[in-house]
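Down below are the structures I want you to see.
Look at the two complexes coming up: chain A is in both, with chain B in one and chain C in the other.
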Partner chain A sequence: MSGEKRIRAILAGLAVVAARPGEAAQRLTREKGKPLVGVLPYYAPEEIAHAAGMLPVGVWGGTADASMAGHYFPPFACPLVKSALDLALRGVYDGLAAMIVPALCESLTFFGQNFRAARPDIPFVPVVHPQNRRTPEGVAYLRAEYEKVRDRLAEIAGREVTAADLDRAIGIFNDHRRAMRAFLEEAPRHPSLVSPRVRHAVAKSAYYMDKADHAALVGELTGLLKSLPEESGAGKRVVVTGIMAEPEGLLDLFEEVGLEIAADDLAQESRAFRTDVPDGGDPLERLARRWSLVEGCSLAFDPGKERNRILLDLVRNSGARGLVVLMMQFCDPEEMDYPLYRKEFDAAGVPVLHLEVEPRMSLEQARTRLQSFAEMI
Partner chain B sequence: MSDNVTSKQLLDHYARKVYADAAEAKAAGRPVGWSTAIVPQEFFETMDLPLVYPENHSAVISARKRALGFLERAEGYGYHADVCGYMRVNFGYLLDGARGDDDVPPAPVPDFVVCCNNYCTMIVKWYENLAKELGVPLFMIDMPYNPEGAVDEARVRYIRAQFDRLVGQLEDLTGRSFDRERFREVMEISRENARLWKQAFALVGHVPSPANGFDFYNYLTLMVFMRGRAETTEVLRLWIREMEGKIARGEGPFRDAEEKYRIMFDGIACWPQLAHTAKVFRSYGINITGSNYPDGWAVQYETGDLDGMARAYASVCNNMSLERAVEKRVEIIRQGRCDGAVYHMNRSCKVMDFTTYEVQRRVFAETGAPYITFDGDQADPRVFVAAQFDTRVQALVEMMESRKEAER
Partner chain C sequence: MYTLGIDIGSASSKAVILRDDGEVAGQAVIPVGTGTTGPERALREAFAQAGIAPEDVGRTIVTGYGRVTWQGADRQVSEITCHARGVLHRMPEARTIIDIGGQDVKAIEVDPDRGFVRNFVMNDKCAAGTGRFLEVMARVLGLEVEGLAEVSETSARTVSISSICTVFAESEVISHLSRGEAVPDVLAGIHQSVAKRVAGLVSRLGVRPPVVLTGGVAKNRGVVRALEKELKTEIRIAHSCQLTGALGAALLAREDLSKI
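And now, the complex of A and B:
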């Protein structure tokens, strides 16, 4: 098989996973013979689930009709958690061994409480990250939270989770993050092979495959891409920021209007792969220390607003001409960061497009706005 | 003050004075802080550092119908209309030059900000933005949510360590050392005030209630601003004596009307429409005899027990599980002998809103007290629809009446 053909085959496989995550997860548990654990965003210690012999899979919502969730959430709740709760109520998560729910925003905190009320049959594993995350007491507290996660998952799995199991899992996840970073760096050089939609599919598929398998495929993909010459690229490059680049069809508009993705600052994509678990010492403490290394994320305490600078640097260093903000509707953390980085972008003369995204958004309107932004930059 | 002064007059006096004192301190070159509402104030009181509470400030502005201009100012700056109204009013006030007038208390621009997230998560973002925009230090006291009810030992250790760190930060800020003796005194005063606050609540539960409508939302100003001061003890004792007097005389809450129905009001008051909501309640003889909201300031611990203090501050109802939220409301309905409940679906306060539906179902199952929900906001006057509120209150009255009849 030629390099390009193999690239297309790998991308097509990952696109199938990303398009039908539920089916992919079912296939995964069947093939590996291990139970699935649902993992809500953000920064959950998925490594612990892996070390307990389970398969962590992402829970990022994904349905436009969240009518059943209206029994728990008012209309102005974040579409991600409403959709996730709706899927839980419809039985999509039946059979999960547990649901790990971080509490980094109000939507997630109370998703956890409503989920536990609605589905007491699925074990609820909460984890509450500290905000004073760079202090020794913050790391010690998070280590204790992770210890509870470990003990609970060990109990569910009916096995011991040793330090060696955790070290192995951390190694696999760090390898995977490195592979993803290498791919995301290489992708913009090949816009005709890696369109915005395809790029997103590669990142999203990571949540519904075994991490080692995914890292191997992505590693192979990046290697093959590197062997190809860099395309000159007719499109205009932008950086996207926000929680996630959905609903489906949104990214096709980028391609349609000639926008290429130079880099992303999405919680579901680069932010999830940016920070490795550091080396050395007790594995639970290392996992806790990862949280203290996270930078430039709306969910992580950032009193100096380093995110402003990080985002501006990302745009400049990636050769992008502007920033597209994919603002998840009703997302307080992202909405609160926006005015401050917007001010710095305006001062630096870097164009910004603010696009509110939600599952039932009008793609027609988004097309018009992206079109004029593409013409402007 | 003369002997004839009422607790309400004293309250008004102190409520005005807190802003004047802060402005005076600022003018004298002493550092002034802005703080979240249920902060371990004991540390700041000990160091004699004046704090202003932007949430209270925004509430006052909203109740005086001045919020809209500030809201629009903040929205023009890029703040989405979906985020907390108090926060938008606060940034609007800053963007407007932080000027006070007859309706807008003069909150001086802070030299430091203090954030304790024990009842709200997004408030961390609010304080990050304040710190960045004003270029001032942020003292973050993190109290993680308790998803399963209890405040565990790891949390207590984490919070205790933050208390120690805070002491060092305040010593650095002021160049003075932290006076442990004074700290004990402040703890003792705060403990007494929390006890009196609880006692006042128990009196509100008397039939007929000696307190009227949103009364305790007003006294709350003291608990927010001056929980560690003897002046608060004085006002609360006076208020309690007044209520005891009314109970002894058999007086109800209204001079001209009978207390026909007693309700739990859940959530923050709908400040921009306070007059309308109070008028509608009163027209039906409805009195508020319980609320989850003021209870947040009854922070109880033993003097000198820092672990207990950490646990008490971390146990504010909003920081606890859904089960605890239900228990608390059942307790409030029973203590207040409430016939029904009104839940304010306060657009600003997602912490309360996001479990309201499940909480009210469970509270109803436990108490049988009928309930309604209405849409409103603590600051933004554009959310509330009078017709919705009026018809829902009418429906609640009908439900309470038929329940009373069934019990007769």
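And now, the complex of A and C:
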């Protein structure tokens, strides 16, 4: 098979996983003979589930009408938690061995409480990250939280989770993060092969595949892409930031109006792969130290507002002409950061487009904005 | 060689034909928009006025809400770019452009150095503050949209409308009328309501004078005055305010031709 043909085959396979995450997860558990654990965003210690012989899968909500969740949430809860709870109520997560829920924002905290009430039959594993994450006490506290997660998952799995299991899982996840970073760096050089939708599918599929398998495929993909010449690229490059780049129809609009993604700062994509678990010592402590190393994320307390600089550098260093903010509706953490970095971007004269997104948004309005932005930059 | 700009909105269809010296050879506004016979009628009228046939046109650009589905243009450009282009052609001093269309409101900041769009905002999800809002209210008051400004001239005071939602505002207007409030006073309240919505949107962008208003609603002096009050600045009305989008499209088509 020629390089380009193989690239297209890998991308098509990953696109199928991203388009039907539920089916992909079912296939995964069947093929590997291991139970699935649902993992809500963000920064959950998925390595522990993996070390316990389980398969962590991402729970990021969906695009269906979240009418059943209206019973539990006020109308101003973010669509991610509303649709995730709706899917839980509709039985989509039946059969999960557990649900890991970090409480990194109010919506997730409420999700945890509601999920527990709505689905008492699915073991609920909460994680509370400390906001003072860089102090020794913060790390010790999070280590203690992760110890509880380990014990609970070990109990559910009916097996011991040793330090060696954890070290092995950390190695696999770090390798995967490295593979993803290498891909995301290479992708903008090949806009005709890696369109915005395809790029998103590669990142999203990571949540519904075995991490080692995904890393191997993505590694092969990046190698093949590197062997091709860089395309000149007819489009205009932008950086996207926010929680996630959905609905996917939005990404088709990027392509339609000639916008290429130079880099992203999305919680579901680059932010999830940016920080490795550090080397050395007790594995649970290493996992806890990862949280202290996270930078430039709306979910991680950032008194110096590093995100402003990180985002501006990202735009400048990636050769992008502007920033597209995909603002998840009712997302407090992202909305809190926006005016601060917007001010810096305005002062630096870098164009910014703010688009409020939700799974069932009208793409007509978005088209005009994206097109006008593309014409403007 | 002639160029053609066609602006297919949600409520009206507009066409402008330019001669190669940049002068307008023909133009038309038909008060029905995308999905109707409006675009074809606007074209027919503009061609008749210009006295030319479609074959005489070297390049066509379509803009407006219906731009994506309309076949027959060489390319499509967003309304924001076209309005800015159209306004700046006639009023190069403009710094802020407000376009109030049938179902959306756009505020555009113009870059004084490059003479082009620097930033813009649009209304989200809601038709309050748009032409459609005024149409609904005109129907409740039993008036023609074109006659609203004249009626509101005679108002002695403003009866405020507090509902933002078009449907609730409609029932609020009905209850004001049934309580015996005078039609011109209620109408002044409706104009104020539109102005407040638009001003709220524009303030997200920042008001940099001179402010120029385009779109069909710009013909309503009642809204213009209310908006001047809200924004605390004088508002200039774009020449042929309904046609600035189509004019911008025709100008961009002319620029395309000069590049080919």
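Keep this in mind: the second predicted complex is superposed on the first by the 376 of 377 C-alpha atoms of A that agree within 3 Å, B and C clash if a C-alpha of one lies under 4 Å from a C-alpha of the other, contacts with A are read in each partner's own complex, and residues count from 1 in each chain.
The working rule: contacts are C-beta pairs under 8 Å (C-beta built on N, C-alpha and C of every residue); 3 or more make two chains touch, one makes a residue touch a chain.
Fair warning: this is a prediction, and the values are worked out from it, not measured in the lab.
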### Message
So in the superposed three-chain picture, is A:73 touching just chain B, just chain C, both, or none of them (first/second/both/neither)?
### Response
first
- Query: Of the two partner chains, chain B (first) and chain C (second), which one does A:304 touch, if any: first, second, both, or neither?
  - Reply: first
Just to be sure I read the superposition right, which of the two partners does A:342 touch: chain B = first, chain C = second, or both, or neither? first
Quiz item: Touching A:116 in the superposition: chain B (first), chain C (second), both, neither?
Solution: first
Per residue count on chain A, the busier partner among chain B and chain C is B
Have a look at where A:103 lands relative to chain B and chain C in the superposition and call it first, second, both or neither. first
### Query
Given the touch rule stated above, what does A:27 touch, chain B (first), chain C (second), both, or neither?
neither
Chain A contact set shared between chain B and chain C covers none
Within their complex, chain C touches chain A through residues 65, 68, 77-81, 104, 116-120, 122, 124-125
Within the complex, chain B is touched by chain A residues 71-74, 76-77, 101, 103, 105-107, 109-114, 116-117, 124, 126, 128-132, 135-138, 140-141, 144-145, 298, 301-305, 327, 329-330, 332-333, 335-340, 342-343
Listed in rising order, the residues of chain B that touch chain A in the complex are 77-80, 82-84, 87, 117, 120-122, 124-129, 131-133, 138, 140, 142, 144-148, 152, 154-155, 157-158, 161-162, 165, 321-322, 345, 347, 350-351, 353-358
In the complex, the residues of chain A that touch chain C are 351, 356, 362, 364-365, 367-369, 371-372, 375-376
